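The first chain written gets the first letter, and so on, giving A, B, C and D; residue counts start at 1 in each chain.
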Amino acid sequence: MKNADVMTRLKIAEGHLRGIQKMVEEDAYCIDVIRQIQAVQAALNKIGGMILENHLNSCLITAVQGDDPNERERVLKEIVDVYNAATQV
Amino acid sequence: MKNADVMTRLKIAEGHLRGIQKMVEEDAYCIDVIRQIQAVQAALNKIGGMILENHLNSCLITAVQGDDPNERERVLKEIVDVYNAATQV
Amino acid sequence: MKNADVMTRLKIAEGHLRGIQKMVEEDAYCIDVIRQIQAVQAALNKIGGMILENHLNSCLITAVQGDDPNERERVLKEIVDVYNAATQV
Amino acid sequence: MKNADVMTRLKIAEGHLRGIQKMVEEDAYCIDVIRQIQAVQAALNKIGGMILENHLNSCLITAVQGDDPNERERVLKEIVDVYNAATQV
């Protein structure tokens, strides 16, 4: 089950964020903190891509093969939206 | 026809890049040059999103409604790939 | 003290990530999960920018006004590095 | 002279954008067009980083070593601004 992998990675990212709070508390060097934040962001990019892959292989196929043109349009529009949002974070 | 809009925007981005070269030649302030480069990147993000939208509403629908599971898988995989690449540029 | 604001925001981001795990456990709609992940990434961008601002107004000033050209070069190089990394996450 | 390298790369990016227009005119596969756009964006990221490096090693040093605290503040603020903008394109 794919969700298990996503869950594991989310937990790791959460632990990583806690570690970063510890760094800030202990007055770690700013640049090192920024690099760790960027590492969490890269991990979140990876997780987002995995969830999108699940989505395309399930909901999207159902919607595109289904009979409801509005539903199909909605699902395709959402993918464009998250793609556009991905270019902005 | 959607392509006309994409073409217009690509031409504008190209002209924008020429303008940036002129700025560099004339020793414009570095930060202003960087901001103009970022404006071109934002324009390219917009264009990429438009092309993806076209793609989803044509090739993707054909592939997902088609009979070839390999072709469908290939098309879905490509979308995940460009999504992942989008988070890295 | 600026660090307090950074800490608060890191804690909020951590809580947000826990909320996203709950969404995944409860089989929330994939696109909604992706959007929440993107919201965390935007929050982390903001935090990174705040830490960079602190850094420029302390360590960077000290290094650039100091007598050690190697240290100055090192500090400036780091800023270029995190800028380049920021364009890739 | 660093500007020569920046100019060369800007010209290459401009030529790349013209090539992409040709691809669109000739109805190239959407995903291939998106990938080429992403390649231009990666090239622009690289150019932006080079210009920032030049800037830090000239204007920033002058401002931070100078006597005007407002000018120093302004220059540091600009760097935070382009960093934040970089995380959004």
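The working rule: contacts are C-beta pairs under 8 Å (C-beta built on N, C-alpha and C of every residue); 3 or more make two chains touch, one makes a residue touch a chain.
Because the structure is a prediction, the values reported are computed rather than measured.
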| item | value |
| --- | --- |
| Proportion of interface numbers common to subunit A and subunit B (over half same, under half different) | same |
| Subunit A onto subunit D, rotation angle from CA fit, given as a multiple of 5 degrees | 180 |
| Chain pair with more C-beta contacts, A-C versus C-D | A-C |
| Distance between chain centroids, defined by C-alpha means - subunit A, subunit D (Å) | 26 |
| Gap in Å, rounded to a whole number, between the CA centres of subunit D and subunit C | 21 |
| Rounded Å distance between subunit A and subunit C, as computed from the means of their C-alpha atoms | 16 |
| Multi-chain contact residues (two or more partners), subunit C | 45, 48, 52, 79, 82, 86-89 |
| Partner subunit D, residues of subunit A touching it in the complex | 87-89 |
| Sites on subunit B touched by subunit A in the complex | 45-46, 48-49, 52-53, 56-57, 60-61, 64-65, 72, 76, 79-80, 82-84, 86-89 |
| Residue ranges of subunit C touching subunit A (in the complex, touch as defined) | 3, 6-7, 10-11, 13-14, 17-18, 20-21, 24-25, 27, 29-31, 33-35, 37-38, 40-42, 44-45, 47-48, 51-52, 54-55, 58-59, 78-79, 82, 85-86, 88-89 |
